[in-house]
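When the chains are written out, they are named A, B, C and D in that same order, and each has its own residue count from 1.
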Amino acid sequence: MDVTSLQTSGRAGPSGGRRPAPPRSGHRGRRSPAASFGLHAALVVASLIAVFPVFWVLVTSFKPDSRAIEASPSLINESSLDNYARILAGEKGDFLAWFGNSLLIAGLTTVLAVMLAASTGYAVSRFNFPGGRGLLFFFLVVQMFPFAVLIVPLYNLLLSLGLQGSAGGLVLVYCTTAVPFCTYMLKGYFDGIPREIDEAGRMDGLSPFGVFWRLMLPLARPGLAVTGFYAFITAWGEVAFASAFLSAADQSKTLAVGLQVFVQQNRTEWGHLAAASILVAIPAAVVFYLVQRFLVSGLAAGSVKG
Amino acid sequence: MVATTTGAAAEHRRPGPRGGTERRGRVRRFLDRYWYAYALVLPVVVVVGGLVILPLAQGVFFTFTNINEGNIANPVLGREADYDVVGLANYLNVLSGDPAYGSFWGVLLRTLVWSGICVAFHYGIGLGLALLLNRPMRFRTLYRILLILPWAVPAFVSAFAWRYLFNADYGLINWLLGSVGLPTPVWLGQSPVAMVAVIIVNVWLGVPFMMVALLGGLQSIPGDLYEAAEIDGATPWQRFTQITLPGLRPVSSTVILLGVIWTFNMFPVIYLITGQNPHTRILITYAFERFFSGATRDYAIASTYGVLILSVLLVFAGVYLRALRSQEAD
Amino acid sequence: MAGVSYVKASRVYPGNPPVRAVDQLDLEVNDGEFLVLVGPSGSGKSTALRMLAGLEDVDEGAIHIGGNDVTHTPPKGRDIAMVFQSYALYPHMTVGENMGFALKLRRVPKETIKAKVAEAAKMLDLTPYLDRKPKALSGGQRQRVAMGRAIVREPAVFLMDEPLSNLDAKLRVETRANIAALQARLGTTTIYVTHDQVEAQTMGHRVAVLKDGLLQQCDTPRNLYERPANSFVAGFIGSPAMNLKTVALTSEGAVLDGLTVPLPRSVVAGHDAKTITFGVRPESLRLTGGDEVGMKLTVDLVEELGADAYVYGSVDIGGTAERFIVRTDGRTPPSIGSTVNVTLRDDNEVHLFHPESGARLETTKAPTA
Amino acid sequence: MRRDTLNTLGRTGVLGLGCVLAMTACGGSGGSDDQDGPVVFWDTSGPGESAVFRDLAEGCAASGGFEVAVEQVAFDQALNNFKNAAQGGQGPDVLRAEVAWVAQLAHNGLIQDLAGTGLDDQGDFLATPWSSTQFDGATYAVPQVTDTLALLYNRELLDEAGVEPPTSWEELLDIAPDLGGDSAFFVNNDGYYALPFIYSAGGDLLDVENQTIVVNSDEAVAGLGTARALLDEGAARTAQDPGNSYGNMKAAFASGEVAMIVDGPWAVADLLDGAAFQDPENLGVAPLPGPADGDGNGPVGGHDYVIRQGSERTDDAVSLIECMSGVEAQTTVAVELGLLPTRESVYEDPEVAEHPVVSAFSAAVERAHPRPWIAEGNELFDPLKIGYADVLAGNLSPAEAAEQVATAYQDTVVPDYTIG
C-alpha cells in the first residue's frame, strides 16, 4: 500500500506559470438556443433541488410548532417571528451560549487545524524527510477510524486530562479528524507553488520559517480558505462527539447538541427547530460565502491531487 | 587563477569507509538536516497521535474484554474496573453473524451497498454538474453558489429538514408526488424504502464536494488537449472518455477513496433521519446503537465493530490503491 | 564585491550508488568577473550555482566568497542575489515590493528602499510598472524585475540561473547584451549558468564547461574555441559543432577518405593507439575542385544563411558514412545530392584528441595568449 | 534542508502552536462543579409543561435559600446525556428521570441512595409510583408525577357520529364506520403504545418473577393482532415512519382529522394548542379499551427525581426535591398541567379532584398495569418498537414479530431469562 500513488506530480501553481485552462472547448461558435435552454434547465432543476430543503426550513421557521405539520403544505400559516424571538430570548435553552460555544469551538478548530495542517503540509511538501510519506499514509488511515472505537477511550483520555466537558477537549478531538484531510489538501497546494519562490525568499534573507510565514501562507490563501471552510463546517455540524463530551451542562453545549431539545421522539418542535436551524446555518453560510470563490481553485490545486 | 581540469577526480569518488566514530556524526547530521521538518510536523504528530493512537490502542484492547458501562473504571466516582479479558469471544460472536450481535455479514453487505451506491451517485451527479458548470454562460457563479449550498449547511440541520420533508403523511415530498398522481411511499418506514430515502439525502449532501473537486480537476486539464483531440477528429463523447476522464484521474482516485471512507462511516444522516431502523442499519450505526443503548452500554462490542470497520476500510484502501497503481503502470 | 572560490566542492545525492552531481569542483572567480557555467543538462552547472547560493548542501570541500568560508552559511548570510530561470517573483507582491523585499527584511529604512528601487527601476525601464503585480507583466518585463530584485540588493555576487531561457529568440539576444552591459557597469562578480554555448561565449569573461559533475575546462571564450581541452569541449563549443571523427592513424597521419592529414611528429610519436580523434571546425574545411586531393562529400542538406552556407553531407570513411559540416560561401552553394570535394583550409587548423580519454593532444600551433 | 539555515527558525512557530493548544485547553471550562453555583436541575418535560416546572423550581430555591438553574433537556437524550456527564463527574444535581431509568441508573451507580436524607420515607406517596424508586432494597428516587395511557377523543366528532368512547377494541371496530372509517383512530407505532393492546389481551413483556420472556405468548400476540386488525379493517390509520409517527398522530388528532388516539396526560398541554381543541372541553379522556378487571390496560409511567452520584450540592438538592415533590408543588402541577400527582393527599384537594384531565386519568392510573422495575426495563422498548412497527406495516405477522422481539430480549436485554 502506498499513499504516494495518490500524489501526482505538482502542477504549476498560482504564481503565474499555469496557463488557465480555457473553458471546455467546442464553443467557438455559439450554443444553439435548444442546447442553451437544456443547459440552463438542468442547472435550474439541480439548483432547486439543492436549495429547496433549506428554503423549506426557512418557510417552516416562521410557523408555530402546532402548524408546522399541515395536511396540505402552505408557505404561510400563522407565520411570525415568534420562534426566533423565543429562541433568541433563551426561552428554549441557552441558545446564545450554544451559539457562542459553537463559534468558539469551530473557530478554534479552524485556526488550529489550518495552522497544524499548513505546517505539516509544508514540511511534507518541501522537505523530503524520512517518515514524511509514512505520515501521509497514517493520515489516510486516520480518516478511516470510526469514532465508535475512539469515543470511550477518548472520553477517558479527556477525563484524565481534565478536558472532558470543556471546549478545549472537543477542539482537540475535532483537530484529529480535520488535520489529516487539511494536510492532504494543503500539501497538494504547496506542491503547486514553485520551489523557486522558496529559494528566492531565502536568497532575499528569509529563514525557512520566514519563507513559510511570509511567502507560502500568503500564496496558499485559496488552499487555506478551503481547508478552513472544511474544518469549520466539520466542527460546526458535528453531533456525536459533541453529544458525548459536551452535554453535561446547558451552558457548555454546542448548537448541534442543544438543538436536540427540539427533536424528541415524542414531540418535535418543528417550528422552533427550523428557526434555530436557520440561525445555525447563517454563520456557516457566511463562511461559505467568504470562501466560495476559492473553493474551486483551492480544491483543484489541493486535495484533489491528494 | 585558471581552473584546472579535474580528470583525476575519479579517485575521490569512493566515499571513504566510515568508522564507528562517524556514527554519532551521522545522527547529528541527520538531525541537522531534518530537524526543521520534524519541528513543523511535531505538533500534529503529538496531537493526532495522542488523540488517535492512544485511544485506538485502548479501543483495540477493549475488544478483548467484556467491558461495559457497568464495569468500566470511574476515577470520578472512585469505582474500580472489574471487567474481564474474554479473548477473541467478541470477534467470534460478531463474525458468527448472530443477530444478537448485529447480523454482521448482512449489515456489512448493506454498508457496502450503501457506500457503493452513494459514492457512485456522488461521482456521477457531481461530474455531470461539474461538466455543466465548466462552460461559460450567464449566472454561472450563481448556479455554483446554489449548488454548493448543501455542503455549507450543517449535516444535522439537513438531516432534520429531510426527515421533515419525508414525512409520509404530512411531508412536502409526498404532497408533491400525490398532487401529480404518483405513489406516495412511506419513506422512512421499516422497509427498504427507508434506505432509498437516506441514500437520497446522503447523495444530496455529498454531491457538492464531488462537484467542486471535479470542477477543479476539469479546470486543470489543459485546453489544448481538447483542441488536439478535436483536430484528430474525436467526437464529443470520445473527447470525454479519452481526455476528460483520464485527465480527472488524479482527482477522481482521491475523491472516490475519500468518498468511500467517509460514506462508510457516515453516521449522522442515517441516525438522525431513521433512528434505529433495521433496514437502514450500517456498521457504524450499529456500533453506535450498541454504544448508546442497552441497559449497560456495551463498549466491547461497539469497539469490536469499530476495529472491524477499520479493517474493512484498510483492506479496501489497500486493494484500491494497488489496483490504481497497476492501472497506472499499464 | 568579492571573488568566489570552489575548493574541491562536491554535492553527492544519496542513493545506490550515490550520484555525484558536482564532483570535486575547483574554480576561482575573480572579483568583478563575469563567469559563465555551461554544460548540457545534467552536467551539474545549476547544482554548482545553487551550492554557491546555499540552496544545496556542500557535501565535501568548501566554498569561499570574498575570502570567507561560507560552506555552511545560510543563503541570507552570503551576500548574494540570484536570478532564477522562472524568475520566481512573489506573485502576491507588486513589482516594487518584489524588488524591495530583501531590503525590507534587512530593516533598511523605507525611504532608502524606495530610492533604491526607483533607481533600479529606472535603469531597467520598469518605472511605469512598479505598482503592478507580476501577473500583469510580459515575460521580458518579468525578467527585468527579477534582475532588478537582484540589483537593488547590491550584493557581492550575482547568481543567474538560465535567466534568458524563457524569452523568445529576439528578446534573448537583446537582453543578453543588456545583462552584459549592466554587469560591466556595476562591476559585480557574476556567475551565470546556461546551457547555450552561444550565450556562454558572448557573455562570459571566462567560461567553465561542465559535464557529468566534472569541470572540463575553464578559460576565455577564445581559448575555449581555439584550444578545447578535450573532445567534449571541442564538440560543445562552437556552432555548428566541430566535425569530430575517430579515424585510423598511420605514420603519415590521420586517414580520412581520400585525404590524409599529416600530423605533427610529436603527436604521432607520443601516441601509441591505432586511431585518433580528429576534429576540424566547419570553417576550416573548404570545397575544392574535383582535381584536388580531398574527401568525397555527398551533400544531404544545405543551410543558406545569406553570407554563408552550411553544407551537411556524408563521407565514406572505412566503410561507414560519417557526417561532416562545411561552412562555405553563401553565394555558390552546391546542390543537394551532388558530390563535392572537401579539403582542409590549413593543416594546422585541426584538433587532435586521445580516442579514449578525449584529452587534447597538442599540435604545434602555439596557444593564443 | 540545509543545516545552519535553521538557526532562527520558528521556534516561535512551534511555541505559537503550543500556546493555542494551551489556550483552547483553558478556553472553555464546561464543568459545573462550582460549589457556590446554583443547583442544576435537568427538566425533561415537554415545551408545554416546562414553564410550570421552572417556576416551581425557582420558587422552591427561593424559599430554600439557594439558587437553582433549570436546564431543559430533550427527553430522548436526557438519559444518555446524564450517563455521559455523570460518568465524568459532571451534570445536573437533580434529574427528572423517567420511572424506567431509575433502576438502570442505580444499577450503574450514577445516582445517590437516598437513605438518610429523609427522602426515603414513602409517606403518603402512592404505592405504584413509589415502587419505581426502589432498587435492590434501597430508595433512589422520589416520584414527581405518575401517568398512564388513556383514550383521548374529540367529543364533537363522537357526538356528531352519535357514538360513545369504546370500551373494547371490538367496539372501536364497530363504531369506526360512523366516524369515517380510518379517521376513527390513530395507531402510534411506537413500542410503548403497543402496551395497551398487549395488556388488554392479557399479555405482558416479561414475567420477572419467573425470569421468563412472555412477549411471544399467545395473549401478547393476540394483542398485537388487534392493533393490526384495526388497520386491516379500515378502523384506524397509522404513520409508518417511526420518526414522525407520534408527531403525525398528534397533528392528526389536534387538527380534528382523527377522532381518537391513545396518549398520556403529558400530551394534553400540546393538544390544546391544536385547532380542534380551542375549546378545551372538546378533549375527552376515557379509560383505555379493554377488560374492566385484571391488571389494567395501560402501563404505569411517570417521572421521578434523582440526585446524581458525585453531586456536591446534595443538601440543597434534597431540599429542592422535597419541595418539588411536596403537596403544594404537586397541586400546582396537577392544576396547571393536568399531570397526575404521586401523593394520595393531593388528590383530596378540590381543585385537583375537579380538574377534568386529572380526574379522567386518575381512574386509569389507579389500575395502571405495573411494569417491572429492573435495570433493563427501559431497554425493552427498542426491540418492541421495531417488532411492532413491522406488525403495523404488514412486514411480519404478529406471531413472527413477537418471536423476534423475544429473541432480541434474550440476546441483548435480559440474557438470564428464558423465553416462555
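Please note the rule applied: a residue touches a chain if its C-beta (ideal position, glycine included) is under 8 Å from a C-beta of that chain, and two chains touch if they have at least 3 such contacts.
The UniProt protein names, listed by chain, are A = Carbohydrate ABC transporter membrane protein 2, CUT1 family; B = Carbohydrate ABC transporter membrane protein 1, CUT1 family; D = Carbohydrate ABC transporter substrate-binding protein, CUT1 family.
Model, not experiment: these values are computed from the prediction.
Comparing chain pairs A-C and B-D by the number of C-beta pairs in contact, the larger count belongs to B-D. When each chain is reduced to the average of its Cα atoms, C sits farthest from chain B. Rounded to whole angstrom, the centroid-to-centroid distance between chain B and chain C, based on C-alpha atoms, equals 54 Å.
Look at where the CA atoms of chain B average out and do the same for chain D: the two points lie 38 Å apart. Our note on geometry: chain C versus chain D, Cα centroid distance of 89 Å, whole angstroms.
Each of residues 33-34, 36-37, 40, 43, 47, 76, 167, 170, 275 in chain B touches at least two other chains.
Multi-chain contact residues of chain A (touching two or more other chains) are listed as 69-71, 116, 119, 127, 129, 159, 172, 202, 207-210, 212, 263, 265, 270.
Along chain C, residues 54-55, 57, 74-75 each make contact with two or more other chains.
Those residues of chain A whose C-beta lies close enough to touch chain D in the complex are 64-66, 69-71, 92-94, 101, 104-105, 108, 111-112, 115-116, 119, 127, 129, 155, 159, 161, 163-169, 171-172, 202, 207-210, 212-213, 243-252, 260-270, 272.
Across the complex, chain A meets chain B through its residues 1-3, 5-6, 8, 11, 19-27, 36, 39-40, 42-43, 46-47, 49-51, 53-54, 56-57, 60, 68-73, 116-117, 119-120, 122-124, 126-127, 129-130, 132, 135, 138-154, 156-157, 159-160, 172-173, 175-176, 179-181, 183-184, 208-209, 212, 233, 236-237, 239-240, 255-256, 259, 263, 265, 270, 273-274, 277, 280-281, 284-285, 287-289, 292, 295-301, 303-306. Chain D contributes residues 1, 5-10, 12-13, 16-17, 20-21, 23-32, 40, 46-47, 69, 71-77, 80-81, 84-85, 87-88, 90-91, 190, 243-244, 246-248, 250-251, 254-255, 257, 270, 273-274 to its touches with chain A in the complex.
Of all the residues in chain B, the ones that touch chain D in their complex are 29, 32-37, 39-40, 42-43, 47, 69-70, 74, 76-77, 79, 98-101, 163, 166-171, 186-191, 194, 273-278, 292-297. In the complex of the two chains, the chain B residues touching chain A come out as 33-34, 36-38, 40-41, 43-45, 47-48, 50-52, 54-60, 62, 72, 75-76, 129, 131-137, 139, 143-158, 160-162, 164-165, 167, 170, 172, 175, 204, 207-208, 212-213, 215-223, 226-227, 230, 236, 239, 250-251, 253-255, 257-258, 261-262, 264-265, 267-268, 272, 275, 283-284, 287-288, 291, 299, 302-303, 305-307, 309-310, 313-314, 317-318, 321-322, 324-325, 328.
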